[in-house]
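Take a look at these structures.
Across the two complexes that follow, chain A remains constant while its partner is chain B and subsequently chain C.
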Partner chain A sequence: MTSAEWPVYQVFERPAPERPLRAAGSVHAVDSDMALQNAWAVYGRRPTAVGLWVVPRDRVLMKSKEELAGFSPRLEAGTDREQTYCVFRRSGAKVVYEQATSVLATNAEQAMARAVEQLAGEDCQACWVFPAAALISSEGVGGECSFAPQQHKWFRDHKSFPVGALLRDARAHVEESDDDA
Partner chain B sequence: MLSASLRSALDSKLLRLGDDEFILGHRNSEWTGHGPILEEDIAFANLALDELGHGILWYRIVALLRDEDPESYPDQLVYQRGAAEFQNVDFVALPHTDWAFSMLRQFLFDAYESIHVPALTASRFEPIAEAAAKIKQEEFYHLYHTKAWVQRLGLGTEESRRRMQTALDQLWTPFQQLFAPGPEESLLVDAGITADLGPVHVKWHEMVVPFLESCALVVPDDAVVPRLRQSGRSEHMGPLIAELQQVSKLAPGAVW
Partner chain C sequence: MDQQTRVAAFEARIARGETIEPGDWMPDEYRRQLLRMMSQHAHSEIVGMLPEGEWITRAPSLKRKLVLLAKVQDEGGHGQYLYDAAESLGATREELIAALHSGRAKYANVFNYPVPSWADVGMIGWLVDLAAILNQSMLAKCSYGPYARAMLRICSEETFHKKQGQEIVITLARGTPEQKAMAQESLNRWWWPTLMQFGYPDSESPHTATLKRWGVKTKSNDELRETFIREIVPELRLLGLEPPDPELRFDEASGRWLHSPIDFDELKRVVNGDGPCNAARIGARIKAHEDGAWVREAMLAYSSKHELSEAGA
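Take a look at the complex of A and B:
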């Protein structure tokens, strides 16, 4: 099985308490539990966040600025109950998607329309909406250490490992011993 | 102050603890770049790195007992001992045959640590209690991760279940070695410095057997814990240590 066959989950992190969620990246996983574990392995070990969330990508409606310009939502009179949708926005100044607001809507298209309305006049390069109920939090995972980022660990940047120079030294050393022999 | 006999018993116990973790971590690190998907590759490499780190924590206490520098002495223990001097149980050195094997071995070990390490946090020897507290923090995630994989493979396809069962049949008996005490270990247990492995084994058994059965696996029933732990019998240690020490032999004293 290749990773291409596994569903993708978007990963969000909270950079500090009381700060809005922001997109960290994505992971492949067969279910939300694995998604959370993979998110933690890939994004949680650097001390940049206080919590992690995942959401299946197929639950996220994504629109760029260009797509939004001609966007007209399909607003059929659904019988679905209204629910809360999270709205993430990418502004020109920030490269990452950050939670901008939340809206009540009966479906994703309507949520997108309401989000655009709310964000009118603000810089919005792209917008994501998804049901808040689809977000899975690391906070629910129990245990004494939970999925908290590993604040006590510091990883050295790969540049601090002079592998090239070391290998050259090792080769020189081997050649020297060969000469001796 | 520790008496001479306690000190010597503790020294070899710490090598057993450190070598079990370090050699397992080294073996698992061989999966780096070969995991089933990129995310799991990173996750399993992280687990391996944690085990190497735990090994070093125990080696630092060996340094303390031997009045050596805790920063540099772990390197000496890893890079300058011969294969026969390592005190790890043999099964941690077994080469991996497939993903199921490595995952199950790590799960069984994590389950053992999830019981053994909290018991060590109550050690009357402060450095052990401190090291155990640090290790405990990481073990929750290890067990969470490996349990999920054992479950997925056990309850997955016919092939994944068969591979898991083969791994269990292969690992179950050698694994019991982990619960066998070393020659002077009872001195340490009586002094409240390390944990009695007997109750650890009972709890481990109570934890893993129902879980493995819930994963559609058949637990072999002929497992007896040996009276004394044996180390240094694995034919795999020689090649493993040769590879582990290769760079340090080529460039002695290199700084990374």
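Take a look at the complex of A and C:
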């Protein structure tokens, strides 16, 4: 039992209020509550994160550029009900996956096909889709966050470590003592 | 498509500046080199928590303690970012950690040296983290997406660490004669290991040309090492600190910094397990892993019980 790997959850962060989410990385956890807690410990340390989402990796369909080029989705009509899928993509020279849109689909392959169709004409280097129902979010309905964003950590503030000014001051002292000599 | 055509198509993508993702085709050697680099990098972050961690309880003020705690926590986070990137190539966390504990996987030489004085905390932050930033800001532009994403996050955090360390050294260098002597003594011990941290000289780095062609590296070990010397020596000297190398000087004619030869035999020994603190560092990692085993078991038991009760509900 001890050698069993904990499942992997993809982590997404909201860098500022009202901004789209972007992929942050992943965590291992035994369930989604623990995944959100671990995500906060790893990806919520910085002042930037004001909201986090986690989703089990096995629910995320990932397609790279080459895979998208050869992608032929199974589009036979299923009996499943349509549900909302979140779509993240990489575009242009950016390497970070960002929230692009959402689509309605009965399965992940169909969601991927619809996402690619919807983003047609836009630059799409790689794409991820997952059902909105699979995610657990730190954000409530009103957008409030279940953890306190770390906005006031002085030790995360460059101004707290004014090494440029300190070195200039050291230089001024050296020049002063040279003048005295 | 045959192998040659595939490699040509792959190299054309790299030449166009495209970023490779896990589902894309890549040469086996590209996968192998990246896995080696990311695993080594992840382990360096995790082992790197240990030397500075020794000073958390002994930091000279509450402010210093908070800064140091945050830095060590950041390094734990960096290790997680990098394990995530390494896992994208199919390695499991268990395999990665087992390779570190058995000595098969390597990590940065610098973390195998002792940290007997508070000045070492400043010197590690300034020297070792500056060296890391030079390497990592290059890798943030590398051709493999998961590695580049991890590096982007790490670089922005590492900049703090360098400033925090530099501020400690500046304070000591401009303090009492005893404090300044403490900073100089620490510099004497960290100078050479930091220069070694950039790796073997270009003449002994057989992979550099391939890694450059594949967009993993854009600068060689020697190029990065020279950038480091050019950046840091004038600032150290401004503070009245001098690296322990009588040959170190700027050569006007060539426009380059000259220094005594680096003892790469020492680098080889330390990386291969025979440094002053290797046994202690790996011993501490294994102990932490074993001491945490019951927590991992408890979490798994909790989750399976939870699933059962949900299934029964």
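Convention: the second predicted complex is superposed on the first by the 142 of 181 C-alpha atoms of A that agree within 3 Å, B and C clash if a C-alpha of one lies under 4 Å from a C-alpha of the other, contacts with A are read in each partner's own complex, and residues count from 1 in each chain.
One rule holds in what follows: a contact is a pair of C-beta atoms (placed from the backbone, for glycine too) under 8 Å apart; a residue touches a chain by one contact, two chains touch by 3 or more.
Model, not experiment: these values are computed from the prediction.
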Item to complete: Look at A:166 in the shared chain and tell me whether it touches chain B only, chain C only, both, or neither; answer first, second, both or neither.
Response: both
Worksheet item: Touch check for A:8: first (chain B), second (chain C), both, or neither?
Response: second
Practice prompt. Check the residue A:27 against both partner chains and state whether it touches chain B (first), chain C (second), both, or neither.
Written response: both
Item to complete: Classify the contacts of A:42 with the two partner chains as first (chain B alone), second (chain C alone), both, or neither.
Response: both
Worksheet entry | Partner touching more residues of chain A, whether chain B or chain C | C
Item to complete: In the overlay, answer first, second, both or neither for which of chain B and chain C A:175 touches.
Response: neither
Item to complete: Could you look at A:58 and tell me whether it touches chain B, chain C, both or neither (first, second, both, neither)?
Response: neither
Worksheet, complete the sentence: Both partners, chain B and chain C, contact chain A at residues 1-3, 6, 27-28, 30, 34, 41-42, 45, 161-162, 166, 170, 174
Practice prompt. Spell out the residues on chain A that touch chain B in their complex, using ranges where they run on.
Written response: 1-3, 6, 27-30, 33-34, 37-38, 40-42, 45, 141, 143-147, 150, 152, 161-162, 166, 169-170, 173-174
Worksheet item: For the complex, which residues does chain B have touching chain A?
Response: 36-40, 42-43, 46, 134, 136-138, 140-141, 144-145, 148, 152, 247, 250-251, 254, 256
Discussion item. List the residues on chain C that touch chain A in their complex, please.
Written reply: 17-25, 66-67, 70, 73-74, 77, 80-81, 84, 87, 92-94, 145, 148-150, 152-153, 156-157, 159-160, 163-164, 166-167, 170, 173-174, 235, 238-239, 293, 296-297, 299-303, 306
Worksheet, complete the sentence: Listed in rising order, chain A residues that touch chain C in their complex are 1-6, 8, 23-28, 30-31, 34, 41-43, 45-46, 62-67, 90, 93, 95-96, 125-126, 153, 155-156, 158, 161-163, 166-167, 170-171, 174
